[in-house]
Each structure stands twice: as structure tokens, then as C-alpha cells.
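Below, chain A partners chain B and then partners chain C, in two separate complexes.
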Partner chain A sequence: MNNSKKIVLIGHFGVGKSSLVRRYVQNTFTDNYMVTIGVHIVKKEIQLNQKSITLIIWDIEGKDDIKKVRASYLIGTSGFIYVVDPTRPQTYEHITSEINFITTQYPKAKYLTVANKSDLIEPEEIKRLFDSLQIKIDYFASAKSGDEVSSVFENLAQQLLDNV
Partner chain B sequence: MNDSEKLQRLKELLLDEDRDFAQKILHKLESLDQTIQTPEKLSEKVNPIIDKKLDVFVEEIPTKLGPTIADALTKSQDKVVEALFPIIGKMIKKYIQQEINQLTEKINSQVQDTFSIQKWQRKIKAFFSGVSEQEIILSEINKAKLEQIFVIEKGSGLLIASASNSESIDEDMIAGMLTAIKSFVEDAFINGQQSLESIQYELSEIYIQNFTSYYIAVVISGELNTSVKNELENKLFDFAQKNPISETTTKEELSLQLKTLLANE
Partner chain C sequence: MFEKIREKYLLNKTQIIEIDTLGNILNSDNRIFNLSGVGQIYDFHPFFYSIESLLSLKNCEQIFYCIHIEHLNVQKSVDVFFTNTESENPILILYDFTEHYTNFQHIAQEKNETVLNFHLEELKTKLLQAEKEFKNKFMANVGHDLKTPLGASLWFINMLEKTELTNSQREAVLLLKETNTLIKGLIDDILDLSKLELGKISLDENWENLSDIIKHIQSIITPKSNQNGLQFTVEFEQNQLPQFIYTDKVRLQQILINLLDNSIKFTRKGYVKLSVKNIEKQKDTAQLLFEVEDTGIGMKITNKNDIYNSFTKLHNQKNIEGSGLGLSIVSNLITLMQGDIHYVTQLNQGTTFSILLPFKTK
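For the complex of A and B:
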């Protein structure tokens, strides 16, 4: 039909979903915490290996339980980005069951896990932390420094392109 | 009859009979309006017709289409519904329109005399109130204008196609936000049972027509009265029927069709 894809960022309050989106789309960052209410939608068109894809990014309000997220925000999603804050254990303690929920409810969708705010912890330390918990984190990123942010979105976009 | 008697008679003619008739018509219109506006009452009237058609349809499936196709039909229910939706919608509308037409005809034949008196009454009123005919005509033509039209996939909120009379902000983002608002309102306030029909803001209105896997949103300026709405609905049903949306539908192709729809306004 066309090459627009819906991407949704999920995770607890304040893990940095909006900040990651803002860094990726506008290349800016702010320390002020502006809580997202409902959903904010932005778009980014990118080229990957001569193929173009339009990401319609849904930055939704944080919830401590994915089952509390309005189903209508999640329906029709091609790719999920699950964001955690490595400095706050409660944001990743249930990550396995949350990811399970996504893969059973939306089996066709791709997903990535991201530990944001990597500027606050030594890289080695974060890796050790998640390894010891047997939690698979795909990217250690920082919306503040910009580190790895575009890789997250581009990796997901590439998976969506490969999918068709 | 002397002059004052004539005047008295004229007054009676102008006011009393007229009022009675007007009252009767008003009652009829009100009850009809109620029937149309109240989903339960409307479905009471319309359901038997649909049921009957469906029965006939179901009966005919095995004989006309053969068991294999009937099987295929049940397997691809969504597609079948998608195809039937505009047709059923049209059937219901036709029925209602028919009823209204009949009523109008009845009223017309009964009250032709009264209407001619009303015309005089209006003229007299216009004369005394000093409102020019032109002004009256002008007030009647705050005509609705279609500004923008979007075809949006339900769920994902992805834009399937769009057309616009004026340059506008990003259509992809509007499509997403509209979908978010729509589903929010639908599950927060109307229980997910019904669907949002329109969003009004200042001088415009966004009219929404749902189909199975997508919906069409039309931005309209000016006054969207029942007859305009009616016409618009017909156009959208026609559009949906003529342009079935599938995997192979291209944005450009469909947007072009939408542009013609806008241009034919």
C-alpha cells in the first residue's frame, strides 16, 4: 500500500521515551521533564540503502504496566521500542513478561529493547547488570548525549524494510 | 363581508389554520426525526429489512454460488463485510429517504393552500421587518465546502490517501492524531460500541465515515446541515464502492480519485 510504518515507544514514566524521539527527530535534548499525556505523534522519513520509509512515531504516556496502555494506541503497530531506565530497577523488573505480552498480542510486530540514560552509568556496569539479570537489551543509548539513538530507530526501520 | 370582517377572516386564515397545520407537520417531523436520531428506533425499522435481505442472500448463497464459494466467504469475512458495508449503508439511507419523501408528498398535497398563505405571510413579515430578500438568500447560502479529505487505516492510523483544497500541515500526522483522538473518545465516552461521527471546531467540522478496515475523514467549512451531510454520505459510500482498498492500492491513485471528489463539489 505505502511504506509508512507505525512505531510505538513503550515503557514506564520518565524513562526517556519523549527524549529519545526528540533527539532522533529534532536532534535536541532538554533536562526539563514534560510528562506526555495521551500520545504525541511525529513523523520521520528516512532512506536506508536507497529505500525510503516513513516512520510514524507514537510517543505514548508512560505506564508501569503495559496492560494499562490503551489497546488502540498499540493496534496496527509494526515496530515497538521498549525503553527502560537502568537507574530505576522498577522500570525493568517486569520486562520479560511485558515483552511476552507484546509478542503474543502483536506477533507480526518487530521490537527492540533499549536502556536509555547510558550517560549516567559506566557502560561496563550496565552490561554486567542486565547480564546478571538475564535481560536482553539491544541498545544502550542516551537521549542526552545522542549516543546510539539513531541506531535504534534505523535498526528497527531496517527490520521493517526486510519484512516486506 | 365588510372590510373589518375581511381583515378578521384574513387574520384567521393567516394565523389559526396555519398554526394548526404547522403544529401537525411539526409533530410528524419530530417523530420522524426521533426515529432517525434514536439508534434503537431506527434499527427497529431498518433491521427487518436488512434481516429479510440477508435471509434471501443466505438462502441464495448455496444455490447461486455453490458450497465452495460459501466456504470461501466465511473464511474471508472481513473482506466480505468490507465489500457489503457501503451497499448496506446505502440501503438503509435509501429506506429513510423514501420515508421522508413520502411524508413530504403527503404534507404537500394536504397543505398546498396553507403554504400559499404562508408565502404571503412571509412576504408580509419581510415587508414589516425590513429584511431584504437578498439578505435572506445570503443567510441561506453559508454553504458547506469540502476542504480536505483523508482515507485512514483503522488501528494503525496510517494515511492511505488524502486530498486537499489548500496547503495544510502534515497529513500523516493529522491522520495519526485523528485516529488517536477518535479511539480515545470511542473507548472513553461511548463504550467502544458506537463510533465517533464528527469533531467540531470553530468554523469547521471533521465528518467521519467508518468502513470496516478504514475510515474517511472530511474537513468541512460552512454549515453542514442534514441534506449536505446526506449528500456527502452518499458520495463517500459511492467512493468506497468504486474504489475497494487492498494491498495493491497505491496512495497516488487513490489520492487522485479523492481530488476529483473534492473538485466535483
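For the complex of A and C:
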């Protein structure tokens, strides 16, 4: 079997985890919200610098506390994508402790933080917002416009390739 | 009998799959998904990549809840149980809980959607508010910037007027002056409106003589309507009306003059009328009804409240000047005074604006 890596998207409900996956895998978007329960798993094979990697992407149901996520969903995760909605403060107010949880429980895993729905806020404003809260956001993406979506997955994939 | 019931109702809700430690499918009862022809469990569905790391473990049992699996057009939400304690080879058991999880989804959908929609509405309102505020600040700034040079130009025109001029030069200066005054009025309107919408205007209320206010309006409107060949009448029932009202005289006059100006502008023949009535007389308060009636061209209305929005021009007549700011100023001022404005209009028959305002009286 070739080089496969499990990636899990984490975050509150409605931040756009499913939409990010849909944009990345199918390059589509819909305004209709369909709540995820349990987990949807998709596979995507990509090439990065002549190396191929198979991403097994776990799009799990939203939880306001990472500790409430079923532990079985997180077994064997190589990379986390922590997604927040910059227009809803509840979705990022505990991000620091959530990330701490990931780095202590899954020390070998890589992670990225993503502010989705960046189409709804001015780029300057969004950066200022997270700077002022001292929250490190790796990507300001939009599943709606497609902005930075593939960068998120490819950056994480690259880190996972470098990891072996 | 139990076996029959089990066969009919339960067996089709579970599936047992035997694999080897490399992930090859050895056996499957295919009760939910048909796996014939599928070589490796990973080819069945990407979920099964996650059991790869369990295959090398000894005495391992693990359950995964609510996995959505689609295979050969069969879509199910299943729990997956992994065990290698039962036999030499690892065993997977799938439990079909599709109905249960679908119900669950509906409940979560309703709850989450409500929260998200509420939030989106809030966001939209905020955005609109910000846009409106930007527009008003912009207008206030531009208006302010225009005022200074305009003032200077008016001053120069006045100077010019005092010099010796030929008749045609004098005519030109007069026209220039008129145009400038018009622009000044417009800028004042813009400034007023932006301040009103930003909530930066407060009323300057005092005890005022009501009949003096009406007389003042009459003195301004009568010559204008005469110029346009219109009759201007005032209906003022002195004995029914309070002598003194507590009001911002300048703003009240602004409201009525604005509406009367409008009427004159849109009436070619007939009359313009102002009437004042006392609707509700209490000891120290009164509700006064001001009506401005004309026999003008009327308005074709598609949206009843649209006419109070800034920049809406009601009459598409090209030969009639006006920015459409007047009515929004009027309606903003009336709101500030806690009053109400209504109108009835009929195309080519005329329009009547009714304003109801509460006052303290004595």
C-alpha cells in the first residue's frame, strides 16, 4: 500500500469543515448547510515534488470542545486542520487550549489553524483581529471563493511528507 | 421462531467480514454491502485505512461510531467493530444504524441551523449599518469640503454685483447667484441628512407661538406659489389650537416648508394647501395634524416606504429639479420628533401628506 496519511478537520459546528473538504476534493461549494453527524471520509491522492501521497480526509461532526470528539475518530491521525469562523468568536475563543490538547495528546501529528469564511471580512480586519488576540492563524481561507483552500491541504501534506 | 425473526429483522442489519493482517478480504456475508470482487478492505472504503494500524496489534478491540459508507450505490451509516481476539484473523462487524443516525441528523440540523441563521442575520444587519454609516460620513465630509469654496464664490458674486455692470452682465451675475444658492441649499440638505442619519442632530426645543410659526411659513410660501400661478391657502382653526407649543421651531418649519416646496414644484395648476388641526387635546399636550395638500401630478408608487429613502427620485420628470433628499430629511426629522408621516396620492390628481406630531402645550 502506498503512502497514506490521515487528516482530521476539527472545529465547532458550522465553521465550514465539510465545505473546505468539498471545495478541495470536488471544487464545489453550496450555501446550504447540511450538518455532519459522525464522520465522512474521503480519499485524495496528490503529487508533491514528484512524491505521491494519499490523503485520507476525516470530516467529523462539529464539537465546541475537542475533548468531546470521539477518541476513536482521532486514532492514527497524522495531521489536524483546526478550523474557526472569524465571524463567530465562540469558535476560536478556546483555540489555544484546544491546540495544546492536540500537541500533548498527538505529539507526532502536524497541525494547521485555518480561519475559513474569510470572504465575509476584510483581510486587514481579520488579521488585526487575530493578532490582537494573539492567536496564530496559518491560513485565511474561504471555501466559498476557494481562496487558499488547496494551500491548506498541500502545506499539511508537505509537512507529513517531510515527517517520514 | 426466534431464528426466523432474527433472520428477517436483524441479520440484514449486520455484516461480518474476515480479513488477513494485510487487509485482504477473506470472507464476507455481504448482508449490507456486496463485497464480492473487492480485493482489499481499503478498496471497499477509505475509512478502513484507519484499521491498518490495528492489524499488527494483539488482542485488540475497537469500535468506531457513525461512519457513512457508500458502496455500489448502497449508502449506510454504520458502526464498525474491529476485533482480532475471536479468531486467527481480524474480524470486522458492521452494524447498520442508518435510521437512527438519520433521525439524529435531523435534530442536529434544526438546532445548528437556527443558531447559524440567527448569526448570519446579525452579521448582515451589522454590515448594512456599517455601509450606511460610511455613506453618511462620506457625505458629511464631502458636503463640508464643498461649503468653504462655495461660500467664497458667493462672496465674490456679491462683490461683483456691487461693481458697475452692463445689463447683460448684471443678468449673468443674477443667474450665477441663483445657481450658487441652489447648490448651497443642496449641500445643506446633504449635511442635514447625513447628520440626521448618524444621529448627530438633536432638537433645540423652546416654547413657541404656533400662529407665528404658521405666519412665517405663509410669508415664505405665498410668493413662491404666486410665482407659479398657484393658489396657496392656510386652514388654521385658531380657537381649536394651542397658543404655545414646545418645539424646535426651525426644524418644524423646515419640515413644512420642505413639503410645501415639493408640492409647488409638482403642481402645474390648482392649489397648494396647508391645514393644521388639533386631533387630541389634553391639558398639557396635544396631537397636531399638519396636512399639505396639492393638485399636482401625484406619484406612481411601487414601494410605499421607498419615498423616504435618500436618493429615491419619485418623479422621473426631467424638467423638474430636485435631489430627492427633501423627503428623507422630512421623515428623519419627524421620527426625531416622535411623530408620524403618511400620504395619499393619485396620479395626475394630487398628493396629500399628513403629519401627526405630539407637543407639550400651554
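To be clear about the criterion, the second predicted complex is superposed on the first by the 162 of 164 C-alpha atoms of A that agree within 3 Å, B and C clash if a C-alpha of one lies under 4 Å from a C-alpha of the other, contacts with A are read in each partner's own complex, and residues count from 1 in each chain.
Convention: a residue touches a chain if its C-beta (ideal position, glycine included) is under 8 Å from a C-beta of that chain, and two chains touch if they have at least 3 such contacts.
In this text, all values refer to a predicted model and were calculated from it rather than measured experimentally.
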* Asked: Looking at the combined model built on chain A, do chain B and chain C fit side by side or clash?
  -> clash
* Asked: Which holds for A:87: it touches chain B only (first), chain C only (second), both, or neither?
  -> second
* For A:113, decide between first (touching chain B), second (touching chain C), both and neither. => neither
* Counting only touches as set out at the top, which of chain B and chain C does A:43 meet: first, second, both, neither? -> both
* Of chain B and chain C, which one touches more residues of chain A? -> C
* **Partner chain(s) touched by A:56 [first = chain B, second = chain C, both, neither]** => both
* **First, second, both or neither for A:35, with chain B first and chain C second** => second
* In the superposed arrangement, which partner chain does A:4 touch: chain B (first), chain C (second), both, or neither? -> both
* Once the shared chain is lined up, is A:73 touching chain B (first), chain C (second), both, or neither of them? -> both
* Asked: Among 92-100, 110-118, 200-208 or 272-280, which stretch of chain C shows C-alpha clashes with chain B in the combined arrangement?
  -> 92-100
* Asked: Which residues would you name on chain A as touching chain B in one complex and chain C in the other?
  -> 1, 4, 6, 38-39, 41-43, 56, 70, 72-73, 75-76
* Structure fact -> Interface with chain C, chain A side, in the complex: residues 1, 4, 6, 13-14, 33-35, 37-43, 56, 61-62, 70, 72-73, 75-76, 87-88, 120
* Asked: Quick one: in the complex, what on chain C touches chain A?
  -> 23, 40, 42, 45-47, 49-50, 52-53, 62-68, 77, 101, 104-105, 108-109, 112-113, 115-116, 119, 123
* Contacting residues of chain A [partner chain B, same complex] -> 1-2, 4-6, 38-39, 41-43, 54, 56, 58, 70, 72-73, 75-78
* chain B - residues contacting chain A, complex -> 153-160, 170, 172-173, 176-177, 179-180, 183-184, 186-187, 247-251
